[in-house]
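Okay, so here's the structure we're looking at.
Chain naming follows the written order as A, B and C, and within any one chain the residues start at number 1.
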Amino acid sequence: MEFTVQQIADLLQGKVDGDNTVKVSTLAKIEEAQKGALAFLSNLKYESFLYSTEASAVIVASNLELKKPVSATLIRVNDPYSSFSTLLQYYQTALIASKTGVEDPCFIGQGSQIGENHYRGAFSYIGANCKIGDNVRIFPQVYIGDNVTIGDNTTIFAGVKLYTNTVVGSNCTIHSGAVLGSDGFGWAPQADGTYKAVPQIGNVVLEDDISIGANTTIDCATMGSTIIRQGTKIDNLVQIAHNVEVGAHTVVASQSGISGSSKVGNYCVIAGQVGIVGHITIADKTTVGAQSGVSKSVKEQGTIIQGSPAFDYKQNLRAMTVFRKLPELQRELEMLKERV
Amino acid sequence: MEFTVQQIADLLQGKVDGDNTVKVSTLAKIEEAQKGALAFLSNLKYESFLYSTEASAVIVASNLELKKPVSATLIRVNDPYSSFSTLLQYYQTALIASKTGVEDPCFIGQGSQIGENHYRGAFSYIGANCKIGDNVRIFPQVYIGDNVTIGDNTTIFAGVKLYTNTVVGSNCTIHSGAVLGSDGFGWAPQADGTYKAVPQIGNVVLEDDISIGANTTIDCATMGSTIIRQGTKIDNLVQIAHNVEVGAHTVVASQSGISGSSKVGNYCVIAGQVGIVGHITIADKTTVGAQSGVSKSVKEQGTIIQGSPAFDYKQNLRAMTVFRKLPELQRELEMLKERV
Amino acid sequence: MEFTVQQIADLLQGKVDGDNTVKVSTLAKIEEAQKGALAFLSNLKYESFLYSTEASAVIVASNLELKKPVSATLIRVNDPYSSFSTLLQYYQTALIASKTGVEDPCFIGQGSQIGENHYRGAFSYIGANCKIGDNVRIFPQVYIGDNVTIGDNTTIFAGVKLYTNTVVGSNCTIHSGAVLGSDGFGWAPQADGTYKAVPQIGNVVLEDDISIGANTTIDCATMGSTIIRQGTKIDNLVQIAHNVEVGAHTVVASQSGISGSSKVGNYCVIAGQVGIVGHITIADKTTVGAQSGVSKSVKEQGTIIQGSPAFDYKQNLRAMTVFRKLPELQRELEMLKERV
């Protein structure tokens, strides 16, 4: 994709300052940009890069006064940051939307329907009786089991696996290697010390506007559904166990795990490598610090916790500060004992 | 799959109380059940739901006396919980067993044999000289390298990768995205600070009745075998390094990792996000608490440990209790020092 | 692959002691070797196994004097360990190199070029405008998006996913299930508590001689590149976030995670299950102990840290020693208070 600076200025309702026939084909930071790239200058802390950048064009503020000559063509707009963000979004959307049609071979089972303007990559597999909406992109080597439902405008990257009966909403993105609907880890201990499988016949439900990271796993419910509510974003390598419910507009960072039947509230922030035990409830707007282990329910909204096991993060911080000095503390105590 | 209540009652040797022509097509919890679902009532704590449920049918005890009218058809049996479990197992088994035949295209290398009544999904790959038993289900996009052996009645879900020479027993289940037989992480440091690969030519052996979770990774041995013994259940996103041996009837929860050459005993319980260092031995019936780091061998059977590094869980619990109060402890010590 | 003992002795420039027509087809440890295997004896601690081994042949030192009769044929060389390592490498290289040609079906997009002597497994997918070097092995079900570059002699195992614009150097190995180039986890919080995606248009760059473990995920940069420098080895299930840079000749063990924009130096050792927060810098030759949480930059080369949060490992070790005795410490303090 190559554009003239004039085309981009028109799109952004900006004015060109310099050669408007210059062509750009990528977006870059002003300090890293090469020939052919379009950069932007918003924070004047970076102004010195404007005079040395190799970018072919730079988006700047309408009222910016130049202190030195600039080799790049300038596009002057009211809000350079916002204009650049707009371009970034056009770019990413265009990349995905450019994928259309059906590559050969791919597999689709009996009774499955798929909406308009879709992409199905080679070696993708759709089972029987699936209902898939409009503008859905299914990349190569995706597996979609029987009776799966997928809403409009959802993108499923290469190699995602959706087990039978999974429900995915609209405007969702699922990254490569994610697995939705694998059996919950339910094992009934027998008298002889062996384990018998507890059948797992439920499913996974993603509501709308959800993002699932690469190689994340979400188990199906024993019965009923493991549910991720609207707008929630889940990072890579996260584990969501059977019958978990993650509320709306919550973020869960990489390598965290939520054990069976726990309920995480809305607008929560779960940092990386956190573990949450089973059968507990986390209140709305809770923040859990990285590597924490949440061993009991959080009842009050807006709570911030840290540690393994986790408790109030300020209290944890103070305890950790003393922890480092424990050898001195012990020595002082010994000295006191001798004196007394 | 749709059944009349009478068909189900016959299967369970129960009696129908109500309309025996009502049809059900799914199983659900009594508090969540909708029309068309069959639920059960075992624990009388949930009895109130019996009078309000939308389930089409409910399995209840033979001797249950109704306190109010019930809209659902009842199936009366001796042990409702056990009867319902039986149905759940029928349901799950039927789902898997319904998959038979060979979808097109799929790949099978020279000299490979596969037993009766199998399923091979589209885009599945079987290398050369493999020996695969009867009633094996190989879902779409599974990769099976050369010289792999798989026992009877094993199910391998979509996208599993089995490297060359892997051995899988009978009655095993391997969930999507699991990787067995990738190279062990063996690197010989060189004089100049770089690393040279230690060749990894061993394999992975799963005995019978084993379950491997989604996106779990098990590395091949440097030489010989990385072994998972009979009946052991491994959850999602678990890492098992080269030359590890996990004993029989042990459970390993999600996101735990076992480092190279360590041996975990039989009947152990390894909770989630546990790390076990290399070259140690964990005695039979050991329990390791969540997020623990096991840094040395556990010699006594039945030991319970917790913490990072892990030690006796009761001692850890008491230490953690004091840990939270460290700031106060420090203050008290300061006050004492001033007084003395 | 079957060889006579004489063929192997010739390769190693060794002398045969016994029947030189004996055939071997695998390599094994002397204490585990079966008929048909070739073992070695280097450390004389293991000499007793020489007299009882079932190996068909054993590599021993030129000057070894036998104390008892040996059933295996011996191959006498100057340095048995080094000779055996050479064979291991031949073996592993031969296994990979034996894969050549193009299996059917596989997909290659318009404008993509691939060098000589390559292997492309069935159901592998190569997008448009890719440049792939010589001697590259692409196993079944690999996905390579558009505009991807791959250097010579690189092996990509079954099911790896490389998003559009990924760059992989020469002599790299990427294990099954690894995902390179998935979107960075960048979300701009909105006034109403929801999140808007920050477009992620950068890529992932692996330099030469890199190994990536099974099911590891490396996100693309927001803009620019997430970079892994030459010779670095990354284990299974590791998470590398957007805009991270991992230096040369560094090892990162399983299940560790590096958050966005952090820079890890050269010659570092990151043990298993470590978490590194975003936007920090780790000096060259830093060692981070297992399960540590690195919350701030490490400025001095050769630092060794441990703990969550991590600090000097010796200090941490001493603090952990006191931590275990906290209940006694508290009791002693109580007693002192009473006395004073």
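Following the convention adopted for this analysis, a residue touches a chain if its C-beta (ideal position, glycine included) is under 8 Å from a C-beta of that chain, and two chains touch if they have at least 3 such contacts.
Here's who's who by UniProt: A, B, C = UDP-3-O-acylglucosamine N-acyltransferase.
The structure presented is a predicted model; accordingly, all values stated were derived computationally and were not measured.
Under the stated contact rule, the graph of chain-to-chain touches is complete, every pair of chains being in contact. At the interface between subunit A and subunit B, under half of the residue numbers appear on both sides, which makes the contact a different-residue one. Separating the centre of subunit A from that of subunit C, both taken as means of CA atoms, is a distance of 26 Å.
Taking each chain's centre as the average of its CA atoms, subunit A and subunit B sit 26 Å apart.
Chain contacts: subunit A has residues 105, 123, 141, 159, 177, 215, 237, 255, 273, 291, 308, 323, 325-326, 329, 333, 336, 340 touching two or more partner chains. Those residues of subunit B that touch subunit A in the shared complex are 27-29, 32, 85, 88-89, 91-92, 95, 103, 105, 121-123, 139-141, 157-159, 173, 175-177, 211, 213-215, 231, 233, 235-237, 249, 251, 253-255, 267, 272-273, 290-291, 308, 320, 323-327, 329-330, 333, 336-337, 340.
Touching subunit B in their complex are the following residues of subunit A: 105, 107, 123, 125, 141, 143, 145, 159, 161, 163-164, 177, 179, 182-183, 185, 187, 193-195, 197-201, 215, 217, 219, 223-224, 237, 239, 241, 255, 257, 259, 273, 275, 277, 291, 293, 308-309, 311, 315, 318-319, 321-323, 325-326, 329, 332-333, 336, 339-340.
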